[in-house]
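Common to both upcoming complexes is chain A, partnered first by chain B, then by chain C.
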Partner chain A sequence: MSWIKSQKQRVVIIISIALILCSFLLIPLSQKAENFPHDIWSNLIFIMLMAGGGGIGAVIGLQMMSRRRISSTTSNIHTNRLKKKAWTDFWVICISSVVGPLFYGFMTYADIKGAQGATYLIMCLASVGLAAGFLIFLNAGKQKYPVHAFDEREFHLIHKAINISNTIFICYTLLVVTSAFYIIGGRGTVPMWSIPVALFSGLFVAGTAQFLVLMHYAREDEKDMDMGPVGGGNE
Partner chain B sequence: MSNDKLSNTIRRLRFDAGEMTQQQLADKVGVTRQTIIATEQGRYAPSLPLAIRIARAFGKTVEEVFQLDS
Partner chain C sequence: MNSDQRKALFFLVLNVAIWSILAFSGFVIYLSGVMSTLYVVSCAGCLLWVGLMCFFPFSKRFRSKTKHLIDERELMITHRCIFAGYIGIWLYFIAVSIILWFIVGPDGSIPIGAFPALLYVAMGIFSIINSIAALILYRDDKDQIEGGTA
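Then we have the complex of A and B:
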């Protein structure tokens, strides 16, 4: 496996395998719940979705990392790191938007139906996430450029995009909460599944906004590179 | 809000420094070529450390490279 070289690639594979294994762990947990749909087809569909999400995430992650390694060694001056950052973040938010609601929805349902051990599983996953984050943090500290190798203008643009994205997330949250109050009022109850769905749809909307803003900046940069003033570039 | 605009002489200084390319300057001061282009066009006001690094790359003072137009 000569292509698995960096620490980050190993972390991606470990997380993907953990995700797939968790889907298997959920089956025996769901058996303890009353009226839970634990027939063979429900289990099979759930395993396929989780494994598919984990597998697609691993493939995309590894693909992006291998591309990054190639581009850094060839030292292509036309490399637009803002565009790369935009796409990377967009894929992450897309995968999270598929796997996240599915997992949280399942866990919420399992908890409502009385499945024992659901809390322990969430704690296990949180531990895996923390360990993975810590490994990435340690690995980042060893690199020449400690954070991302972005320069100050790129950081400035990324922060602007994140600020816009955060504002959109806040507006979206306010809109959803206000709509919920307007529609339901004080008369009814909010179904449990709507909470993770609202959270992840908000994250997806904010992530998409961040992607669009970064792509706009990247396009402006590329325009400057193409029509750049005399004296720039390859000569 | 101030209406001051930061102009610069980076392009002329590059030409004077043996037609230094934007990429060469970018490598010298440790930023991307896009940042040099944006700075040169006056679309981006660099931080003080970057302004000093750019000035040092040409052997000039910051005031010789960057001017504040009111």
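Then we have the complex of A and C:
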């Protein structure tokens, strides 16, 4: 095992291989379990996704672990901008987390009650939303340091906070799926309305995490500024 | 092409291969309508071996050739690649919610077995977008450097 860089990577590899091998056990288990869908080819995609996903998950884990983390943050006087951004984003997330589910609930109710226009309205809004999201996605690749808003260090910290919050969102999603699996059981079903609700709650969790991380960085910077540029207020 | 680009290209090809196998198998099963355990094990085994190739870049020989220090520029590119991957995942989850809403209906229900599959697809999307973003950003960066020096 000398070709593995660290102990953590070994653990990731072992868990991934175990996951991949466990996916094979689903075939005999599904034959023995009562009321389990015996239609084997309906489960094929799921089984193969487990095998493929285990490998891809291992790659992502190893790729993230093999990166060297460099945290070169020098204090400057722009802390308030970080704080301001944290609060602005947090309020936007809070408002979205309230307005979004309310709007979705209303539309679902209207659709169930037979209001056909609700479906077309949601379709239009969803199309516009997806197009806007795709444009943001394309712009994110081209985005350079917006000098007028943030400097390079702040931009780096904001990116870091966003990545941390997104990682928390993924962990939250995994937790929700695993909990649902154990609570409801493998043969149960989940109501459709719970998926957007889970998405909105995930958005709120991720937004809160981003807010907390940005506030943490802002506080650290404030401490550094209080201590002075040379690293001590004793002089 | 530096080592990060080579690695990104390798993972991109590998991911495309894995998901192509999945898509092809699903398509064949859908068309034939006949399924046997042997076929399931064969497809899963094929995926297993292709998936194990993911560990190739971590082999001693590969690492010894590609060992280098990571500077701030590469770190920034890595962060932006991860950022692009996460945006892709968000868009994917939103699209899944909308599509399922229209397929199942607002008062319908979804089998719980579909959720892990959706997560695995999300992981695949993340990995593919991450690799593509790395390739594009390194290429753009190289173009800028070359343009600047010339």
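By definition in this document, the second predicted complex is superposed on the first by the 120 of 235 C-alpha atoms of A that agree within 3 Å, B and C clash if a C-alpha of one lies under 4 Å from a C-alpha of the other, contacts with A are read in each partner's own complex, and residues count from 1 in each chain.
Operating definition for what follows: contacts are C-beta pairs under 8 Å (C-beta built on N, C-alpha and C of every residue); 3 or more make two chains touch, one makes a residue touch a chain.
Remember, predicted model here, so these are calculated numbers, not experimental data.
Student: With both complexes overlaid on chain A, does A:Arg81 touch chain B (first), chain C (second), both or neither?
Tutor: Touch status of A:Arg81: first partner only.
Student: Quick one: classify A:Asp224 as touching chain B (first), chain C (second), both or neither.
Tutor: First partner only.
Student: Please tell me which partner, chain B or chain C, touches more residues of chain A.
Tutor: Looking at chain B versus chain C, the one contacting more residues of chain A is C.
Student: Just to be sure I read the superposition right, which of the two partners does A:Val190 touch: chain B = first, chain C = second, or both, or neither?
Tutor: The second partner, chain C, only.
Student: Please work out whether A:Asn166 is in contact with chain B alone, chain C alone, both, or neither, and reply first, second, both or neither.
Tutor: second
Student: In the superposed arrangement, does A:Arg153 touch chain B (first), chain C (second), both or neither?
Tutor: first
Student: Where on chain A do the contacts with chain B and the contacts with chain C coincide?
Tutor: Of chain A, residues 156 contact chain B in one complex and chain C in the other.
Student: Applying the document's contact rule, which stretches of chain B touch chain A when the two form their complex?
Tutor: For chain B paired with chain A, touching residues are 11, 14-15, 19-23, 30-41, 44, 46-47, 50.
Student: What residues on chain C touch chain A, complex-wise?
Tutor: These residues of chain C touch chain A: 11, 14-15, 18-19, 21-22, 25-26, 29, 33, 35-37, 40-41, 43-44, 47-48, 50-52, 54-55, 58-61, 63, 70, 72, 75-76, 78-80, 82-84, 86-91, 93-98, 100-102, 104-117, 119-124, 126-127, 130, 133, 136-137.
Student: Spell out the part of chain A that touches chain C in their complex, as residue ranges.
Tutor: Where chain A meets chain C, its residues are 2-5, 9, 13, 20, 23-24, 27, 40-41, 43-60, 62-63, 66-68, 70, 72, 107-108, 111-112, 119, 122-123, 126, 129-130, 133-134, 136-137, 140-141, 143, 156, 159-160, 162-163, 166, 169-170, 173-174, 177, 180-181, 184-193, 195-196, 199.
Student: Using the touch definition up top, name the residues of chain A that touch chain B in the complex.
Tutor: Listed in rising order, the residues are 77, 80-81, 151-154, 156, 221, 224-225, 228-229, 231-235.
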